[in-house]
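Next, two complexes with chain A in common: one pairs it with chain B, the other with chain C.
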Partner chain A sequence: MINELLWPTVTLGGLAIFFGIVLTYASKKFEVKTDPKVEQIRFLLPGANCGACGYAGCDALAESIADGSASVSACPVGGTVLAQKVADIMGVTAENSERMVARVLCNGDKENAKEKYIYQGIEDCKAAEMLAGGSKGCKYGCTGLGTCEKVCPFDAIHVINGVAVVDEDKCTACKKCIEACPKKIIALVPVSKKVRVLCKNIDKGKEVMGVCKVGCIGCRRCVKACEFDAIIFENNLARIDYEKCTNCGAAQRSVPLIQFLMKQNRKSGFCRFF
Partner chain B sequence: MKLIIIVLSAIFVNNFVLSRFLGICPFLGVSKKVETALGMGIAVTFVMALASVMTWIVQIAILVPLKIEYMQTIAFILVIAGLVQFVEMVMKKTSPTLYQALGVYLPLITTNCAVLGVAILNIESKFNIMETLLNGIGGALGFTLAIVLFAGIRERMELAPYPKSLEGFPIALITASLLSIAFLGFSGLL
Partner chain C sequence: MNLKTLSFKGGTHPPHNKGTTENLKVVQSKQPDTVAIPMVQHIGAPCEPIVQKGDQVEVGQKIGEAKGFVSVPVHSSVSGEVIAIEPRLTSGGSAITCVVIKNDMKDTVYEGIVPTAGIDKLSSEEIINIIKEAGLAGMGGAAFPAHVKLSIPPGKTVDTVILNGSECEPYLTADHRLLVERPEDVVDGLIIFMKALNVKKGFIGIENNKPDALEAVYNIVKGKEGIEVVALKTKYPQGAEKQLINACIDREVPSGGLPADAGVVVNNVGTAAAAAEAIKRGMPLIKRIVTITGKGVKNPQNLLVRIGTSFRDVIEECGGFVGTPGKVIAGGPMMGIAQYSIDIPVIKGTSGILVLTEEEAKLPESSNCIRCGKCIEVCPINLMPVNISNYALEDRFEQAESCNALDCIECGACSFICPAKRPLVDSIRVAKREILAKRKKAQSK
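Up next, the complex of A and B:
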């Protein structure tokens, strides 16, 4: 009777103690020194392991911040509040960088952009891209099948009337849609800068007009209208230098055919198409 | 010859996930991407090979002489958990690259029933140490095969249109059952 109770207890207890000793020894012997800052930063991070920062998870980001290879404001989810706390641990001041948001540089919705064929395949931009560059006549424009919408972890981008549109309140600039977009038409811009060229077509003006009513035809009137040299013209396409742009809106007033989007302009009718 | 049959049987005929229904948790959980599925598979192979041998030794050297074979399950869990912890520590120190590749998955495998399953099946089948090792590796390769195939299918399913009510786990479970039926085809192999 006593043996039946004793042996199992002794054996299991012995095994447990044996493993306990081995593990304790191993943890001393094989100890890898980690920066205490890693622990502290990791504690502050949201811990959702969403990967929006571009690292494999919150642990990986914490390590990168601690060794200096990532910025203290690298976590897009935590925002400036978190960046401040992390900066305190790291002993630096968080650069008060402006919040960036993604913008889809295409405005060719169903009414404005011509379709060259009717697409009935897999609901995915990359799949459509393989069929002659998508169904839209303009090969630079948004395919509108929502690959960006599917990858967005924050529900911040939606295809509306054939064109993806970013909800700037929800966007955390995680860049997932930028990577997913086969057309490469999504860009990060400072949230306060409201002037934008919603076109990526680098063809000549006549060809652009043939496929899209709201494309940039390269007339350069916006370049002349800008007093701050903030509009750069290259490859038949206007581009805005956001370091110089002051949101003055002169460009919109001068150029009916180049599509700038400014809500107040849409209402006051400066621009023919808004 | 017997050894080859053991490996083939563990991979195809008695596939741990699809025929024995062991290790379903990581099979469903870590199978969204082929890349992570493969990482999980390699980690399982590593742990299963080690765990089969270790548990076999514990069984033969400790449990059988003391006639307490009925303590098998709890003793094996202890051994596997301790082993995984130990391997993780050693790996972290000696091979950071390997740790980065497998580290995330290692703690997940501690309580994986496929690992415990292979250990117990080895004893039940009265394998010797070589057969035990091969059965462990074969079983783990079968797991890897199943999870990678499944992840490949799931990656494609993401893009396919299917009813909203089936989104997520329901469609994954249906896919898994179809895959399991497909593996039934191997049952006449040996």
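Up next, the complex of A and C:
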């Protein structure tokens, strides 16, 4: 009776001790040195593996931050809060970069922009682009078929009334929509800067007026109104230098003047600065 | 005349609807008041206008000089005054610089238009040069410069020329009428191409739904050495280059290759007739036969139209629209491009203007794939359209590329046959575009 219990106990116990010793030795001998910071940083990162940072995923970014090849604020999703925490781990100070958001530089919705034909093909901007640059009269504007909406991992961009609009609270500046947009009309801007030119049309004013009620006609009122030289006018189009813009709103106040100069049959302003 | 009919594997049979115009003689169209002649009517580099606003030009005078090797010059199709040089909408969908000429209705021919020394006295280089100077671009639709096809790069040998007279696109009868009415020009064109390439074998492939064309050409070819008329099975896309080569001489063009890789040069019969015109009479390409057809147009016709005439003028000459048109297509229904304006000029590649009624233009509702495999059966390239399309719709372009999406010739046979009316060719085109864009990006890095 005692043998029946003893022998298995001794055998299995012996094996356990043997393997324990082998494994302990192996774990010391073949140890892969890892930086504890990688673990800590990885724990802080969002874990969505969205790829917005340009690395293969959160693991890859954590390694790169730990070995110093990526900046502590490399994760656009986490923003400044995350950058601060990562900086603490790395023992550096995070440069105070402002959160960026994507903005669609077109305001040509169904009421404002003229359609040149009825598009019946697949719901994809890239497909419509092949047919004379999409169904909108303006070849620079938003096609409005939601290719950006499909690629957004954060549900932050939606086509509303024929034009894509970014939900700035949800946007993480991952740039997926910027890459997907065949018209290249989505840009990253600092979230606090509220002045924007929602137009990419570089044609002459008369042609712009023919296709869109809210296109930039190149009147340059906004350029003159800006005291900080923050509005650059090139290629028949106003563009804002966000380094210089102070959100003063002078450009916005110049709108009534433009309305005054407008032809009578047009009821709303060309410029949508807000 | 007893000809065996040849064909390729795959393909489909769309209703060909050619009955309306196939027996109508080609009529010279009215002289238009103005013409707008685009500086790009071909695949390749745009031309530069060499006339200025206010200049007087004559019929056949060169108005656009080719820039680069893959480019052909452009000539005036009327005599009159240049009233503008400005970007105008064209059938490709974008605005292209056009020379707008006000017609003086005198039809004065440019003094430089004289017959050449004749085919027997010209060398191969001289022929290619005349063809280039005559502004010849493929008249089947793609408008690839003809002289580029005839200049074989070193390392490749070509032993056969095939003329494409299959005209497999439904509705169109421009090539058909050309073969019936001017078979000698077509055959002369073939002889010119054979001389230019220094080859001994030439084929003229014609679908067997055009027995009158087959007979007309056969009668001319009879007794001419090295030239053969081939009757092809009526099937879409019989006129696609690679399928035509496969049918005529049973060779296969490698994936991503050109017909020259299979030792063949293929040209449209219209291009051949234009080459004959250039060599025999010295006249550059300034007119082409256009089939104006469809239920949406009052009097369908085959018109000989001057390049640069607007679609509006041409349609008006055919009695205008019946009711509200549903769709106006430049080219045929399978591969043509739908237009949103009819104020666009007829160009070298405009083989037809098809006007569909609202009823015909309605798109069927697309539903789920039932995995019947019909698209695979009909694909002339032996691709699997269903797979490529599914990958494309999910933005998985790498997988689409591994399914050889780039070999798709966009013939639309799969979309036509699909019982679920899936947008097959549409999505494959998106995939092709994305794959090419990616390659370009990778190259520039």
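By our rule, the second predicted complex is superposed on the first by the 218 of 274 C-alpha atoms of A that agree within 3 Å, B and C clash if a C-alpha of one lies under 4 Å from a C-alpha of the other, contacts with A are read in each partner's own complex, and residues count from 1 in each chain.
Heads up, the rule we're going with is that a residue touches a chain if its C-beta (ideal position, glycine included) is under 8 Å from a C-beta of that chain, and two chains touch if they have at least 3 such contacts.
Bear in mind that the values here come from a model prediction, so they are computed numbers and not experimental data.
Asks: Using the superposition on chain A described above, determine whether A:124 touches chain B (first), chain C (second), both, or neither.
Replies: Both partners.
Asks: In the overlaid three-chain picture, which partner chain does A:151 touch, first (chain B) or second (chain C), both, or neither?
Replies: After superposition on chain A, A:151 lies in contact with chain C alone.
Asks: For A:202 in the superposed arrangement: first (chain B), second (chain C), both or neither?
Replies: It touches nothing on chain B or chain C.
Asks: Given the touch rule stated above, what does A:27 touch, chain B (first), chain C (second), both, or neither?
Replies: After superposing on A, A:27 lies in contact with chain B but is clear of chain C.
Asks: More chain A residues touched by chain B or by chain C?
Replies: When the residues of chain A touched by each partner are counted, B comes out ahead.
Asks: Is A:132 touching anything from chain B or chain C once the two structures are fitted on A? First, second, both or neither.
Replies: In the superposition, A:132 contacts chain C only.
Asks: Is A:8 touching anything from chain B or chain C once the two structures are fitted on A? First, second, both or neither.
Replies: A:8: touches chain B, not chain C.
Asks: Could you give the residue numbers on chain A that contact chain B in one complex and chain C in the other?
Replies: Shared contact residues on chain A: 122, 124, 127, 150.
Asks: Give every residue of chain B touching chain A within the complex, in rising order.
Replies: The contact residues of chain B facing chain A are 58, 62-63, 66-68, 71, 74-75, 78-79, 82, 85-86, 89-90, 92-94, 104, 158-161.
Asks: Mind pulling up the chain C residues that touch chain A in the complex?
Replies: Against chain A, chain C makes touches at 92-94, 337-338, 340-341, 363, 393, 395, 423, 426-427, 429-430, 433-434.
Asks: Given the complex with chain C, which residues does chain A contribute to the contact?
Replies: Of all residues in chain A, those touching chain C are 116-117, 120-122, 124, 126-127, 130-133, 139, 150-151.
Asks: Could you please specify the touching residues of chain A with respect to chain B in the complex?
Replies: It is residues 7-8, 11-12, 15-16, 19, 22-23, 26-27, 30-32, 56-57, 122-124, 127, 150 of chain A that touch chain B.
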